[in-house]
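As written, the chain order gives the labels A, B and C, with residue 1 at the start of each chain.
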Amino acid sequence: MFPKNCWYVACTPDEFADKPLGRQICGERIVFYRGAAGKVAAVEDFCPHRGAPLSLGYVEDGLLVCGYHGLKMDCDGKTAAMPGQRVQGFPCIRSYPVVERHGFVWVWTGVAELADPADIPELEWANNPEWAYGGGLYHINCDYRLMIDNLMDLTHETYVHSSSIGQKEIDEAPVHTTTEGDTVVTSRFMDNVTAPPFWQAALRANHLADDVPVDRWQICRFSPPSHVMIEVGVAHAGNGGYEASPNLKAGSIVVDFITPETETSIWYFWGMARHFKPDDAALTDQIREGQGQIFSEDLEMLERQQRNLLAYPERKLLKLNIDTGGVQSRRILDRILKKERQLIETTNL
Amino acid sequence: MFPKNCWYVACTPDEFADKPLGRQICGERIVFYRGAAGKVAAVEDFCPHRGAPLSLGYVEDGLLVCGYHGLKMDCDGKTAAMPGQRVQGFPCIRSYPVVERHGFVWVWTGVAELADPADIPELEWANNPEWAYGGGLYHINCDYRLMIDNLMDLTHETYVHSSSIGQKEIDEAPVHTTTEGDTVVTSRFMDNVTAPPFWQAALRANHLADDVPVDRWQICRFSPPSHVMIEVGVAHAGNGGYEASPNLKAGSIVVDFITPETETSIWYFWGMARHFKPDDAALTDQIREGQGQIFSEDLEMLERQQRNLLAYPERKLLKLNIDTGGVQSRRILDRILKKERQLIETTNL
Amino acid sequence: MFPKNCWYVACTPDEFADKPLGRQICGERIVFYRGAAGKVAAVEDFCPHRGAPLSLGYVEDGLLVCGYHGLKMDCDGKTAAMPGQRVQGFPCIRSYPVVERHGFVWVWTGVAELADPADIPELEWANNPEWAYGGGLYHINCDYRLMIDNLMDLTHETYVHSSSIGQKEIDEAPVHTTTEGDTVVTSRFMDNVTAPPFWQAALRANHLADDVPVDRWQICRFSPPSHVMIEVGVAHAGNGGYEASPNLKAGSIVVDFITPETETSIWYFWGMARHFKPDDAALTDQIREGQGQIFSEDLEMLERQQRNLLAYPERKLLKLNIDTGGVQSRRILDRILKKERQLIETTNL
């Protein structure tokens, strides 16, 4: 139950730098590789000759060569050549619209005619040299919507991440959720609190005292199909918080791209974009490592939650005020899914 | 096909000493923890908020705190509190009658109104300081009745445990089985035999010669749902065997509590209670280690027997004289299961 | 979809030298052991007493003793004895025609009355002291026909085994396929090429120069149900190639016996028979190790091809000229399978 007529993050370019990458996205087995003129290509991971996975092959002169019997596939899913064979009549395999942008590879698994690269979100932090980005990838066995719920309700930080970014005040601060079009924003402001360990380190990295009260903020923005960007930060208390002048605060954007693999598994691209010290590669590594550790704490919870939900499919879950972000996001997804079904029923697409 | 209106051993208290214990019993996902006033509690391992397993949480002031978003569960399955929420209207989860007794935690997964702690068996060895007990737990992928069969027919010792407690005479001695009410007793007496290694060591521990002929006995007692207590021992030959005076024999009770996890998997609590040297903790450890080693020899046999039976579901097994103990035990279980079905059909329970 | 009225290689005698061997062949769970007078026996791996796998037992006086309760099984599937029991009325289990020949154990899982040991293929290399043989066994999760395809189209060597036996000329040389009765022969001759590493070593082992052009040949012979013998070799170029005099060439037979375990898994017995230096045991070991390494390169390809085909069951594969060997072999198998179905419909067998 995931939208298909939309752009998902499929991978990062380093993942197919040496050899083709086979990855299942939205139930489709796809191979990603760098084809003619260095352009990213994505076709079915299924050789039309005998069904071998093309991802076990290699790239030669911009063509994907099957590692079993040497069939050469072009980026449109048409066989370009095969030793000793006339290939004009070979059946095509499916190719997927694919775009390399913002440091990621974006794929469209729906109706190709509807794919418009202009719909890929703008990400200032990805292209402005004043920002730095570091991130990673986790495979998690859960419905992609459980991950959206997780990110749109940060009260879980108090419990799941109690030793790093969690603190009791998150739980206690009221949360405010608004929906505008297809975007859901859920925010929480905690004034005059102690900075938890992660943010103390960030204050120090900004040459700010780390032992004074701070105003802390978390502003989560969901946009379909499953992107959640979270502005997070702290400012020395009493200076306007989120609106404080740059020299009094430390902040960043938690970046979350959630890509369904199957109905109950995801590729979770997580990262952090920061607006300070963009050239400090060691700091990028350090933040990546810390964030990777913290975000790994969610895995067991999400996977066992998923198993519980599969074991008790008839149970209705609660929708509390803290869940409003996730509930509103799911409502938007339901609307998009309904549109997709109507499209299928009323057109040839 | 296991009775539900009965007490099963669920775990031992040390298993949830540090954190809640999630365990499936009779197909139910249950979390065990020590709640208010140190009393053991057992509720569904399913948070009513978003379905997270409560066993990933922790205990605070006698309440079970969900490790995802902080919901606080009481021992009756009612939500006691949640940060920032009114919880009166929250749906209940199921709680299970649970009793800590004899060093074990006993749980009732059937109709709660029928649960009477007086039905938990009396176990003299568990409470009398003249006895010592040591044991362990194995998870085995087999129907609980295959384990009952195993324990009610000890001829398998000759083959499965040939290097420790098995000996040819077990096979050759006639077996005698009686049923009285819901108890099945199957016994075997081997007079004037050589003690196998395990019993030679036990004789030495009792300051008895280990190189003289012995009279050996095995008296297996099944009681529902799946408890098998086995009196075992040896006496210097010709002194009355089982009835010999205490200074001429070494004996103990093999303790077996078999708890269904699913239709084809069990939690097997095994142990040994002995009536000599109760304060010798090193001896307890030594026996536990030896018994654990011996009992582990049954695992592969039981799991592969189960796989064979699943692969050939239409085959009828033989019911020989040596199988009478198991056959009679299954007959009692069938009667109990029939009663449970009638109870469901004729009442609201 | 595999023929059952035929002889398959089940195992090699060393596999049950110490204890019985349990192995699934054509969906049947079978135990192999050396019974009375050292004769190989094969019966169902299912004790008629309680369903335990007999392969966990041991052999005593030519009888297979169940490792659970000591039932003694003879090679015809009849219980010979059991301690304290009259066994005349015990139900039989199935026994399988089985023959030890050519260094292998051959089993017949179809109608026993049709089993004729004369149908086991003659293998000169297995019995002539001028030949040496070395081989091994791989378990692969794929339909046995994918392995036949693999071996009847050696163009894959260019891609899968590029660093050892593959070379571009394989791809480029035309392939010639003929069918005669139930045998398919597909051959390829490459004249005046450079010997790849494996064949350079073979030339040296034959005291021949390894740095001169060679004529290379590959002659694959399929015979049902799934035997593929491949004559391979090189001769110094211009001396008649395959027909060159023995002192100018190096050659051998690649031996492949493919035995279905289930519809999508096989036991793959691979090896090499050579007609030179038959007494050089170190050379046998060296070739086995090299071949084992090379043949292991096919495993991932075959298993992932199988998964692709299961994921896209409706797709038709291409049948190119290079695939003719496999296509013709499958046609013969289809004919045999049709006959087996007719046999079942029209007789009591």
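Just a few scattered comments:
Everything below uses one rule, namely that a contact is a pair of C-beta atoms (placed from the backbone, for glycine too) under 8 Å apart; a residue touches a chain by one contact, two chains touch by 3 or more.
Quick caveat: nothing in here was measured; it's all calculated off a predicted structure.
Its C-alpha atoms superposed on subunit C, subunit A is turned by 120 degrees; the angle is given in steps of 5.
Where the sister copies subunit B and subunit C meet, the same residue numbers recur on both sides for under half of the interface positions. Look at where the CA atoms of subunit B average out and do the same for subunit C: the two points lie 48 Å apart.
Not a single residue position of subunit C touches two or more of the other chains.
Those residues of subunit B whose C-beta lies close enough to touch subunit A in the complex are 29, 45-46, 48-53, 56-57, 65-70, 82-85, 90-91. Listing the residues of subunit C that touch subunit A in their complex gives 149, 153, 155-156, 158-160, 171-172, 174, 300-301, 304-305, 308-309, 311-312, 315-318, 320-323.
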